[in-house]
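What follows is a set of structures for review.
Each of the two complexes below includes chain A, the first together with chain B, the second together with chain C.
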Partner chain A sequence: MTPLVSAATLFGLCASGMVGIGLYGLIVLPDALRKLLAFNILGSGVFILFGVIGRRGAAAGLDGDPVPQAIVITGIVVAFSATALAATLLLKISDAENEPEDGGKDEP
Partner chain B sequence: MSEPFALLLTLLVLLTAGWIVTVRERRAAVFGFIAYGLLLALVWIRLAAVDVALTEAAIGGGATGVLLLRVSARLGSIRGMSAPPGLATRWIAGVLCAGVSLALMALVLALPDPAPSLAAAAMEPIGRTGLGNPVTAVLLAYRALDTFLEIIVLLLALIGVWSLGADRFWGGEPAAWRTGPPSPALVFLARVLPPFGIVIAGYLFWIGADEPGGKFQASTILAAMWLLAMMAGLAPPPRTGARGLRAALVAGPLVFLAIGFAGLWWADGFLAYPDAFAKPLIILIEAALAVSIVAALALMVAGPAERLPRR
Partner chain C sequence: MMPVPVNDAASLLLVLAVLLPILGLCAMLGLRGLHPERVARVAVPLGVALAVAVLVEVWTGGQALHYTLGDWEPPLGLRLRADGLSAVMLVLSAVIILAAALFSQRQFRTPEGIAGDTRAPFTFWSMLMAMWSALNLVFLGEDLFNFFVALELLTFSAVTLVCLDGRTATLHAALRYLLFALLGSVLYLLGVALIYGRYGVLDIGLLHELVQADPVTLAAVAMMTVGLMAKASLFPLHLWLPPAHAGAPPAASAVLSALVVKAPFFLILRLWFDLLPPLPSPLAGQLLAALGAGAILLCSLVALRQARLKLLIAYSTVAQIGYLFLMFPLAAGPLAFWETIGWTGGVLQLVSHAFAKAAMFLAAGLIAETLGHDRIGEFAGLARRLPVAVAAFALAGLSLMGLPPSGGFNAKLLLLSAAAASGQWWIAAVILAGGMLAAGYVFRVLGAAMADGPAGEAGGPPSPLARQLVVLALALVAVALGFVPLQPFALLGIGREVLP
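== the complex of A and B ==
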């Protein structure tokens, strides 16, 4: 019995949903850290879409196309770097906003 | 194919993503995100991409998780980046995002069959590299330039993180976890886990030439072990200005660049390897890169310097 959709296609649909959920969070959530999380959800959806395309490209005795896999590994590491930079920036903003008022730079 | 498992995984991933976006508390969202990273690793395994699954579990779930936990614990109340949206905005955003999702779903269902693939092209010259894992061959032979630029991105991001520290602490040490005495359980784990972590990382590093694994996954585990020791107060955080540390950070890119330029006259061009020495050269590059990646990942998670440098 062949299933209605293959596992790869199912994960493709899942990834499409992840992109939508991430985008929604990015637009709607006011908190910057939450926006960062939402952006990462969006990004991981794109990675999985790429992975699905790689899985469909199974050939030459391999279970998937190795090129998208390698690019996604690079992508995950770069996404981590960007997240670390953004999170540190958030801490800096938070420290600046919460510092005692003798700094004289307090804005409402 | 175990379709029920794929369906269950899809539902779990989407529910977790929805929970991260809708839950009220920031900290709960961070915990959700860690679980989400591990679920994604399972998805990658089902997509037959074990190399990616290892990376996702180690970096997406582990390193990002520790980083976000540290940040969310320290983050005070910050002004929202935008006003809390009204009901109308939520609806418009929801409809827009559903539209994006539906369009992507239509594209997924309309993907060409048979799918285009570079698998055959990646397998054909693999004998010349001496590697058995095509993903490693792509990362370090065919698309070595991408990997080189990636380590540059890591270093640039680390410089960015460091520059966000206060000027007077430049070159000092991160004070990420020195808030109180560490719990006995943490100290115990930090004593027990590192030997295992080091062995597993060494295995993943070596096996990466032929089987799923490789320098990124191994380096992330090593970085995690180092962070664990730092958190438990067993290892002092490094001075960010220390010469040895700076040397470790640039070792990877420098070795990569030197071998890359050497390829101009002993092989076909920049970042090309002579066939006879391809595998030893690749291992050498991976080892040097691993040193830099361990240092860069651990220090990015630890954050900028927040104490005066010791004299």
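== the complex of A and C ==
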């Protein structure tokens, strides 16, 4: 029995859905922490897309192309570092604004 | 079997150009973060020498340099490549970073004794080195995914430099910059995924052979372009730039405005000219130019209204980046793009803006140090106090306004002639209006500084002459670029017609 949609198509649709949700959140949500989470959803969508492309075997019709896997691993490391950097900035901002003395007053 | 390529000694220069700043960074770590400025004193001149050697090699050889990593040919391996444009960008980055390093030698050094703050100098110098390596990787790369990694390294080091002083305002600016940059990089990565899915290769040279103007390719390039626009702060995605560049230390602002926003632009150039086939319609290029025109007109007007000098200069950066995007419709036509005056004018605008803007941010740094503020309304008497810095600001202003003799004049004249020759009069009108507006904001600062007033006496001690001379030298280079011939340069075409 052949399935109604192939696994690659199904995951491709999931990927585009996550990209859409992430992009919407990144643009619309006002809070920086939510924007950061939206960025991660968007990034996961792109990584799933790479997985689909690897499964379909873009280069030379290989079944399970390894290049997208390598790209996703690097991409995850980069996205993790970016999230860590943004979270550190958020913590610093929250520390600075909760200080009783000069919190938020040193605007230019 | 493919013949094993030989990486000769000259092509090893490309690897060293990427590696040297990282070695400098490792040395700084090895010294436990103490006296990073001494490491920079060795690494920066070496890096300048490397960049000049690459330029000389490309220029005299008349062809691009290649380095194939580990002798693995693309599509399996990665390749570094330096053509005429990359060599120019390498030298430009090296010279601007040299100026920033000379300017910061005293400001960011490990203080004597144990009480001082060692973290700020270490962060400044190590991030400057990381940024330099990432810039060189962008200028030398050939692989679309490798560019993504280089852009991320660039963003992380730049964000750290923006919030170096740790004030709440600069932390907010850095966070906003990071979020814009992350949106840009994830859109870029999405484009890379589509390109890989369509063609199965990521090397620009190989893609150049395969690529067709089909919907997938166009969608991918459109997404990559929008992502890179956010990183290059093209209007209307520029909102992060003014607070970020105005909040960074002056030497960092100079590097950010002169180089860091140019790296994504350089990638847009590579995508549009080296990767894309001739487009079915000129509309896309005109859309980019229209956004550039919006940047020139609106952000120049906003710059006119700024009360603080660094914010004024930052808005002027957004406006001047607009000029770069005018080259997309102007380099189109029957000629090969690297032989058009539109292409030459655009590249010259990139280079002369880098020198002029670095000079302006460093001059603003000297002014802020001397006066203790950078409010333009209280500049009266400044020209007597800091004559060299104000003169450097004025000379750099020549280039932004497009008055002769300056690199900006030649660049804008070439773009103007290209617009007139191809009958795109609206672009010509925007270039002229942008020059008038730039004159407005430059003279507003100069007028305030030349007036007689109390700023001549008040404030801290005067800056050392050496730092003022660094600023003046940058501004003089921007002026000296006005003596390049007004025609397409052979150097910028090297390696373009024979993409591998």
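Definition applied: the second predicted complex is superposed on the first by the 96 of 108 C-alpha atoms of A that agree within 3 Å, B and C clash if a C-alpha of one lies under 4 Å from a C-alpha of the other, contacts with A are read in each partner's own complex, and residues count from 1 in each chain.
The rule is simple: a residue touches a chain if its C-beta (ideal position, glycine included) is under 8 Å from a C-beta of that chain, and two chains touch if they have at least 3 such contacts.
What you see is a predicted model; the values in this text were computed from it and never measured.
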Query raised in the report: Touch check for A:85: first (chain B), second (chain C), both, or neither?
Result: both
Query raised in the report: So, does A:19 touch the first partner chain B, the second partner chain C, both, or neither?
Result: both
Report summary line: Per residue count on chain A, the busier partner among chain B and chain C is B
Requested in this report: Identify the partner contact of A:39: answer first if only chain B is touched, second if only chain C is, both if each is, neither if none is.
Outcome: second
Query raised in the report: A:49 contacts which: chain B (first), chain C (second), both, neither?
Result: both
Requested in this report: Answer with first, second, both or neither: which of chain B and chain C does A:31 touch in the superposed model?
Outcome: first
Query raised in the report: Where on chain A do the contacts with chain B and the contacts with chain C coincide?
Result: 19, 22, 32, 35, 49, 52-53, 56, 58-60, 65, 67, 71, 74, 78, 81-82, 85, 89-90, 92-93, 97
Report task. Note which residues of chain B are touching chain A in the complex, please. Result -> 1-3, 6-7, 9-10, 13-14, 17-18, 20-21, 26, 29-30, 33, 36, 40, 43-44, 46-49, 51-52, 55-56, 59-60, 63-64, 67-68, 71-72, 74-85, 89-90, 93-94, 96-98, 100-102, 104-105, 107-109, 111, 115-120, 122-124, 134-135, 137-139, 142-143, 146-147, 150, 153-154, 156-158, 160-161, 164, 216, 297, 300-301, 303-304
Query - Of chain C, residues touching chain A in the complex - result: 75, 145, 148-149, 152, 155-156, 159-160, 163, 166-169, 171-172, 174-175, 178-179, 182-183, 185-186, 189-190, 192-194, 196-201, 246-247, 308, 311
Report summary line: The residues of chain A that touch chain B in their complex are 3, 6-25, 27-35, 37-38, 40-41, 44, 47-49, 51-67, 69-74, 76-85, 87-95, 97-98
Report summary line: Per the touch rule, the chain A residues reaching chain C in their complex are 19, 22, 26, 32, 35-36, 39, 42-43, 46, 49-50, 52-53, 56, 58-60, 65, 67-68, 71, 74-75, 78, 81-82, 85-86, 89-90, 92-93, 96-97, 103-104, 106-108
